[in-house]
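Encoded as structure tokens, the structure appears first; notes follow it.
Chain lettering (A, B, C and D) follows the sequence in which the chains are written, and residue indices restart at 1 in each chain.
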């Protein structure tokens, strides 16, 4: 996703000299070409995220569209008040890019686990929050946020699912992508974990469960229509996010359903319930550990639908990781 | 005279010739070379005492502290045009100590950005004129602030943008001394020097008081000028109530080419109203009744 | 509430020399006595919230329980990463106190409107989030968070409803207070707006609607039991918060209901939907403007229950401020 | 020798007599007065090259940069007891540049806080030994870091707590140069001087490189010592690879009573492996295959 982003940004910067990229001292190898090619549109602001965000606001006020770039929590939590008061309140064209969503940097430790950003940022007014599910979405989202006035957040993660878009497909912010059709249940995923969702859906099909899969790449504004249709047209909703269960995608979907009084026949939120992970490991490992892997998702959906499935050692993990009862 | 109402007051033409000026403003008014900034500062002081009294709001001391700086900036220094507030070549001014918003509103109104009668709305229900300075619906305000330590970074961004675009206007950021506790400022200070933003001028309202106690007692800043210098800025210390030195310093900034300028303005919190001076109390307190009368009396034009 | 807090903290500091209070240069008049009486337990860290939070963590690690104190967004948004990585991850006894919840400082402008803090903080792991509804709750919550290990957040607001506790009542973190009994509908409020909820309930009683009122002073951990009971025992749930509608109390309640599959017969979330308020005014004024006043709450509940009520000029405000349809 | 496995290595007794020492440690081991910190540093370097190689993780250059500082601290300076890691009177050590976590783990293991074999777990699935230093389940780690600019504030809190309680131990915080871009540090720096925390010692690993380029090119810090001095600290600049000056400086800190001490340690990023030295590349790159062999060969004990 990161590469898709920077590739697209390069094209955009080429055609529009007002597009700018500021990094907070990150992006070795990744941003080098961009920096060399567009020296006037690139800036390393040093390890100083608050200043980076303020700078971006000032530059945006002078007519630029400024992408700020860093890892995980740094461009978000470290400068949240700057995002809110400076960028958002001034409707500044600041586009915050965080690489390393979720457990992308799983082995690096909790400082690098970006697992609360969606809840935090969607609470802010005047911001668009986007978490693409694959490289194609990441590239398209880059163009889309450039063309969306005001402050936007782009959460990229490391997982590398093959993109599933059709050649003719058009990406639209705020509109969920139908990644797979099905009627038995709807799986709504945000971010790179979409790949897990799609694989789970394949497996479920083998169990005779036809799963609709929506890529909810835009968390704010939310595609309430797609959610309500899923409630009405399919057997229920399961949300999937590599993110805390509190206030993120699952929370937003729950709000939507209850606000509208349109209740999904079945409902489950899959996300992180265990708090900080002082245990480290690869993204794949941590997904498995916290019930966000393919097997756990399959098991959770079977369980929700009251279907037995070929369970070996999965059950205990399910109840630990994704137990729905609060 | 105890009612906090506005008397009509003539709008001063504040559009002075700018030292670095790049020519006429688009509004079509002829610039004048000398303004009575003393009178302007006095009117601004009267406004802020009235406004905070009417709104029963805090920060009158913080406003009085910068009235002279604001009067000289808008009366003599800034190349701005109230008729075209968004004029591209204007100088940018940011109040980073946003709690002195009343002083910005008063100065802008006196400078013709919007009717003085609007000042009556300050702090009132349904108004845009929030206690901390806000840009929404208020011509002439570049940046909304209120949380300390935001303005300098944004100003640095504006200054960098201007430089990259080959523009010649300047960016002024007015900060408070207590605000310099915030690390975000030191990030911006380090950055601005590294990028040689000599079109960026930080003015510190060094009134020696913060919210609860003196700067000295809270987090002492001395040797203050050394701090800025060691971060690569040119520094000048002046009397922040002396219009002549304010004018010459601010008009001629930058002090050195290739370096951002820090003007440490030694001021008195509450300046102009004797019983408000040097007092933390008047960071919060509102002048009402006799106190209001006494304050306004001190701010009357001298015979 | 602020006074109730500082009074209680004074008692606690008196009996426990390890209790400490750090302010980020705020509290004129309010903290003076405390500072004079307990010079070794008081510190003004200057206008530097990040450092304040780090200091508090360090002091907590050395055996103290440290209250950090500031206004609105400053002790939260300005130092969110310090709260997360330093205080929360180390289970440090840091108790963050923000005065000025919601529109308490309505006239001061958006920098002082604390309207996203609950969503933001409840997303963090290892934190207790509390927003008392009246002075009694504020005092009791102060003791309770002192006695709760780890990092806690206390959101105080300026509204000054008379406390409604019974003499015999015991305050418990994580347990909603039944502030009024009723069966037609349950109004769940958090923070000082509880007072509005209680007055609305009185008015509703005149319309023949008996409203259960819960003070959900603890947002995290949430009293899911009380919520589910309300679903089962009353005609529905209305949530009320002086806070964004996205991810706060209403969101948490929606998550709870859908997770449990216990659906309230009626549901509505009352909170802020309009984004930043560049319009200023008193707390009362802004509540009215954004549909958080007594009349709006009454109207919303009547509307929800399909009852007509004595409407004069209310209706337009309702549909603007509290429209439930997403 | 290209497999990244650990040979068993004798645990060094690192509990040195502390200059300010308040007496015997509770663990009952007799302190020794002199340690072979050079050998310790070499073993630590071997570990971090192995660990990062095995984990295919970044930051080997950042670890090598501080290996000497860590060896002298744990070998000679810090009053700590591996048998009682939470001993109240211990000196506190915080690695604020958390990305060099491997170096802390290696040093702690060599000092007897936990078995050296545990280093094998670094970066592995299911391990506690995260890339950035973490305290959970790892004896001897005071603070988990990883986001730059957190450690000094926490250290200041610990130092203030110690002072208030009349304790005599010291608090050491090891920072990176790029980290000094973060404003949060300058908040702590201002605070520590104001509160005369002479039991707080900041060591800056001044290796002149950050993530992408040199410090000079990113945000130049010079005149670096002046910055700290103007903020009220005592500053000493030393060669961060010279054990004798590290030992004498760190043992005798504070330099001045009533002032926190900043030790600017001039270092070489990647020190000890010739092809890793002075190179941003080795902030990220992992030594594998021939590179690994070559690195380990350079770190062999000299004949």
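Here, contacts are C-beta pairs under 8 Å (C-beta built on N, C-alpha and C of every residue); 3 or more make two chains touch, one makes a residue touch a chain.
Remember, predicted model here, so these are calculated numbers, not experimental data.
Novice: With chain C excluded and the rest untouched, write the groups of chains still joined, or say one piece.
Specialist: Ignoring chain C, the remaining chains still form one piece.
Novice: Among all chains, whose Cα centre is located farthest from the one for chain D?
Specialist: With centres defined by C-alpha atoms, farthest from chain D sits B.
Novice: Per the centroid of Cα atoms for each chain, what is the distance between chain C and chain D, given in Å?
Specialist: Once rounded, the distance between the two centres reads 42 Å.
Novice: How many angstrom lie between the centres of chain A and chain C, each centre taken as the mean Cα position?
Specialist: 29
Novice: Using mean CA coordinates as chain centres, what's the gap between chain A and chain D in Å?
Specialist: So the centre of chain A lies 36 Å away from the centre of chain D.
Novice: Can you list the residues of chain B that touch 2 or more other chains?
Specialist: 144-147, 149, 181-184, 187, 190-191, 194, 218-219
Novice: What parts of chain A, by residue number, touch at least two of the other chains?
Specialist: Residue numbers touching two or more other chains: 45-46, 48, 50-51, 73-74, 78, 81, 85, 89, 110-111.
Novice: What pattern do the touching chains form: line, ring, star, complete or other?
Specialist: Shape = complete; every chain linked to every other.
Novice: Show me the residue ranges of chain C that touch chain A in the complex, using the header's touch definition.
Specialist: 73-74, 77-78, 80-81, 84-85, 88-89, 110-111, 116, 119-120, 122-126, 220, 222, 224, 244-248, 250-252, 254-261, 263-264, 266-269, 275-276, 324-326
Novice: Given the complex with chain C, which residues does chain B contribute to the contact?
Specialist: Touching chain C: residues 55, 57, 98, 101, 123-134, 136-137, 144-149, 178-179, 181-183, 210-213, 218-219, 280, 283-284 of chain B.
Novice: Where on chain D is chain C touching in the complex?
Specialist: 135, 142-147, 149-150, 152-162, 164-165, 183-184, 187-188, 190-191, 194
Novice: Report the residues of chain C in contact with chain B in the complex, numbered from low to high.
Specialist: Touch list, chain C to chain B: 23, 25-29, 31, 44-48, 50-51, 73-74, 78, 105, 107-112, 278-282, 285, 289.
Novice: Provide the residue numbers of chain D that touch chain B in the complex, in ascending order.
Specialist: 181-187, 190-191, 194, 218-221, 223, 226-227, 229-232
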